[in-house]
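Just below sit the structures, each encoded as structure tokens.
Two complexes come next, and they have one chain in common, chain A, joined by chain B in the first and chain C in the second.
Up next, the complex of A and B:
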């Protein structure tokens, strides 16, 4: 198929191949050339050989000296002369994710109308702006245009200080032992859970028939467990504080783990389950996973047969577990001894006027059943007060980054253990943390958007995402999703909706081999793959392929490059893990900070037989 | 894998619809698939009886050795099934 002049310009450095037969003596036009997008497949299948082929920019306007058939690469001997390139190729085809050079970019929007002066400073130093006195009448009357905007200097704007708009303090309480006892309480570093609490948890949910509570200490990591549905921090707000502000108390060294089956023994969240020996199935220390050495308070919930794939089933398992968590929260709230606090950390949302304004769009699953998330519970990662995003219609919900870190999402967690984002993932979300702490960008918020099942609904919500970003007037956006499947359709659509508004956008997903994107568009140029597995597949190891610190750094640097006008190299056709390695090296070289990569499934113990097989 | 690029077109019929998954009978009695919602691309509301299509190649063995992890999971599942069945039967007898 022939291409347009515009496409030819975009692909001026790609090989020139005729799309149809062209007689000698004709001048080569874009319409005579084939779209370079299809060359990879043709080369792979042996139908096309691009050796010695000229670039599109070299042949346009030249005259063909011999008649060529369709799909013939144009070589030097087939044209009268090789065209000089019109312009120098951009100095550096900026390597992907190269950290940006400080590029002062100041734009001053022109004349004033209605008394509003809009000055936009992308990034800059020593900017002096003076505004003539007497023009700020403030009565809305269009006043005389401001003289020579270029000369305007505004010290106030350039030096407008960063402002803390919201902060949450986390108080950590260490737990070294979990025991059963007559009441739920925290005594020093020992957590007691009331005997018989299981019956109340079962009674709270009609669909729950049985609940077993296990305390998994590190010496029991080698025992069997049903599929891990969720990993949750145990945290409570202090006094009347709400999520996203005030003080949060959290227990260190212990987590809640939800597991379960239905009456027939079928795993809840049947697909891609992670049942088996715990230590062989957990990728330790991932943001969403348990840390090695932690104690798990593990519930094994049995729900009514056949409800494991219906919406109320997984929700009941989570709600029953939360009865126990809530009782621990109450005990945590009662603590008065501040000497038990081992560590205090504060998360501040700092708005940085004048810096590039960015937003994080987190696509969360909303197809139904276990593909659901509870948004904004009363207690961190609780159930009470939260709204399932399926019931909210999956439309975008804007939250503060600090609310995300304070447990505003209770994830029912999807299928695919390696890529699903547990509740704990949001509690320690690396992209939010990295962007929040970066003084070069102004993180204005996080948009949570569900991924509905039907395509028309997917496009409905992604248009709202685009409009939200437009209203926020951001310079850059991250779009992240968990796992793969039809959620990649709306993932692509979110990126398109944001990109078409001229906003820089970086997409993050597990892709590699198995999760290759099913759709794409011209705005999907900057992508970060969350894969860590050796083979590039869903390896059934909990949280192995989720977004980690190293991915957050790559994405953040990539977005900065794009916002500052740099370019990111086009991706290779096939998944190649070296791209990540190169980018990580580039970033460490530029920033001078080494990036430590997380281990993957090869670091986990294997049974003897498996070892023999793989070695 | 040796034959993974030999794509063939398959068709099936949706026979079960749940909140989180669908069951699909492959036409010609060539098998049955149960897939989570997110693995199904839908333009319309999902209904039993709708036809679906996809491309696949043939399923190949990856090696001769069974993976012990899956064998042990399978055995655990069967053991639990048997226990549950036994518990149900004793329950019935007691009510008699």
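Up next, the complex of A and C:
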């Protein structure tokens, strides 16, 4: 449909196509032009062929030399002359929508010459000027409305050294075997779990009626499991250390896995769940998934019938499992033999003054039931001491990136397992790791924000996100989300709230085909799709479409481009996996580092469910 | 003679209040209802006996013998005469004329709408052929009432004969002129007339007075002259009856039909319906709506159209493109139902602005593009679409819908096919006229510009407070401020 002068300016480099019949002799105005936003649809429908089409800036003001019908691309032979690219007239950029002519909102030049402050205003409305009367020469900084370039930070502070504000050291203990025994202990590389611990786990939770403990070694990957509710690292803080500082001990080669149903055998999270043969339903080595070869300590929790879709049910399953995990943590804490430490790594949060300041906003599920997250437990990915973000009202909580990597989130997720972030995901969060280690940016923190059920609450929390970013005075922000659909409403709103404050922002979500965004706004120009699945769908394979290293580097590069004044090419209308492939190639060409893409579900044996549902 | 049903609401405003009761004898021209609020007097269009007074109408049993004369109206001034006559806009809007003309145009324009824009109607042209002189005198009376210096008759260039007659009738009066219009729909829309003649595009909420003009229908002008010269109340209407009639589809024009005559009587006078038919339309193909044989005509009725049976879409999924130029959504749904289509998508033209419950086009006859709407229809799963658009928009729809596999039907198809005219599809006529005939002055096509108030000079205030000099400038251009400091 016809466009306004403002839209024409935004799309000045897009093809000029007549929206309606225009007769020869008429001067081409924005109102004669079709909105470039629908060109993809038009081209797809065969209605439009843009070959040889001039740009909008080249035709505005030119006279049409032959009568053309609607949807005619304007070509060089149809206009009297091709308009020269005009110099960037500051005029059009700031024009308010209601302005009848493309006039500048206000253009001011205010040099101080001699003893006189001279202000010239070309044209403007509602101008307020305040000048202190005692103002006595020297520098003329009182001339307010001249937009000061905000980019001076870099040069000014370039000399300030980077500073480590916080660090966590992980000590890794290898486990090669998990056995049952009379007490829970770690003996060399063998982990013993006390026999009968299941009863205590059941007794700890009123809603838990049964708990089965299975030790899944690689030879049992081909067995059936109920839906996987969580994958957790087994880690404990050393001594009095708190999450986000000091030393954390972690077991390698083994993870906790929570699964379960209700009394009636209904999956916790029925309707998009990952029950089935384990090796057919786990995308190995995703940040949030088990690595191939690891041993799973798998609980199969049965909860009171009908509580699977309410808040207390899934939480009870997690809490009961944590009774077992906690006993392992205690055993881990007791280890005194440092020779068992196979590897030590340190995560430092380095602040880099003078570099572009960025923040990561992680939208986490907060609708209730299994869509909850326990924030800041006493032990990594524990339960004790943590606050569910639903109870916190889903408002933004600022944490250190190092706290994220140290297990400050215990995730309750289940429905839509392919795009949900398990507890282990945060433990190895690729975007946090990548940004933390990038010497070109200054990662100041991670904002966790829940995704509430109710729309009004969604906007309530997104406004807080915007205000938090404003207070942090960041140059750029990432907004990540998990799942798709309902949460995209607040995801989009977070991006809008950040973008409207002039902060560069990149959004990350599973979208592709099935998760295509249903809402949008003008700040959602830089988006990274986390999809890995072949068909662009939620395939119910655990963690398949979650944020990976290859997504993190794309987002990081995209944000850097935007913060440095560059533009990201607009997305294509339809999902096209080649966009990702091209971007990965571009980045790898520039950095000189090859990027190996992770495999997707096609590398797994095909489950019966997947065969029936998705092929 | 028969029963005349005279409706109490024949105009914009509230229904009139009856001033007669059942059993009263009335003469042709007797005042039978007065306005309650905005409205216009209603007079008996026949002599006879009031048979009944209902909430909506007065029924008069007409005498067998009808007089030629009528009860005269009275008034001191011309405007009072128009008010007494119960004159309303006869183009269809029905706005009380005396209210509309009670304006001082300070030398502005009376724009006479003789576009007769709805296809197939012919009574306006017949009026010009038979009553040009009286019509022209009517223009002069109205110019005087409104203090207008110019009278312009807007008429389509294709009516060469009528244009020639009018040129003859206005000869020697340099205040009067003719503006020729291209043969497009719509040209008679009030703001389209203003734009075409004066080059000013009004907002849908603005009245022509914003451009120092009054737009008035050509038949209203004639009836004004009758009220002023003959003291004749508005009791008759010129009507075109056309369609699937015995004797052929050519137009039958009936001049001075008494208000209250039924649609059925007029169709009979035109020969009667010829066999199977689709619907009877009261009004024109674009803005009229379906009616019944016993419906009485009013002061605003223009056309009665009997159409051929509708095309049967056999339950196909249909999209409706509603715009201000054609039928409203109800009318479009009515047509879709009669065509046996299942409406699954309704789109509204981008330019159709809702003003006081009715749709008005922001720039009548100049298309804002329809490709997006057609894509929406396709996405919604439509197979066929029914559109009510103007010539230009219809042409745009044709630029995309057929390529998308959407079969296009226009709401006027069944009318135009009945009378053997080409249906609305592609546009072949230019929006601009090649060359105006020499005798028609003021033939310009200025680029429309928005009516806009004069820009004020720079308005500013300067105050000193708390040691601060505060300058506030509301609006201005090329402002220089110099401020010495020491």
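Points worth noting:
Following the convention adopted for this analysis, the second predicted complex is superposed on the first by the 486 of 615 C-alpha atoms of A that agree within 3 Å, B and C clash if a C-alpha of one lies under 4 Å from a C-alpha of the other, contacts with A are read in each partner's own complex, and residues count from 1 in each chain.
In the analysis below, a contact is a pair of C-beta atoms (placed from the backbone, for glycine too) under 8 Å apart; a residue touches a chain by one contact, two chains touch by 3 or more.
This structure is a prediction, so every number in the text was calculated from the model and none was measured.
Of the two partner chains placed by superposition, A:285 touches none, neither chain B nor chain C. By the document's definition of touching, neither partner reaches A:63: not chain B, not chain C.
In the superposed model, A:23 lies in contact with chain C only, and not with chain B. In the superposition on chain A, contact of A:582 is made with neither chain B nor chain C. Once the two complexes are overlaid on the shared chain, A:263 sits against chain B while remaining clear of chain C.
In the superposition on chain A, contact is made by A:371 with chain B only, not with chain C.
In the superposition on chain A, A:45 makes contact with chain C only, while chain B stays out of contact range. By the touch criterion defined above, A:245 lies against neither chain B nor chain C after alignment on the C-alpha atoms of chain A.
Once the two complexes are laid over each other on the shared chain, residue contacts for A:276 go to chain B alone; chain C is not touched.
The contact surfaces that chain B and chain C form on chain A in the two complexes do not overlap at any residue.
Every residue of chain A that touches chain C in the complex is listed here, in rising order: 1-2, 19-21, 23, 25, 31, 34-35, 38, 41-42, 45-47, 69-71, 100, 115-137.
Partner chain A is touched in their complex by these residues of chain B: 18-21, 34-46, 63, 65, 67-69, 72-73, 76-77, 80-81, 84. Chain contact summary for the complex, chain A toward chain B: residues 224, 261, 263-265, 269-271, 275-277, 280, 309-311, 314, 365, 367-371, 414-415, 451, 453-456, 483, 485-487, 489, 518, 607, 609-610, 613.
Those residues of chain C that touch chain A in the complex are listed here as 350, 366-373, 375, 378, 392-393, 395-396, 399-400, 403-404, 427, 430-432, 450, 452, 464, 467-486.
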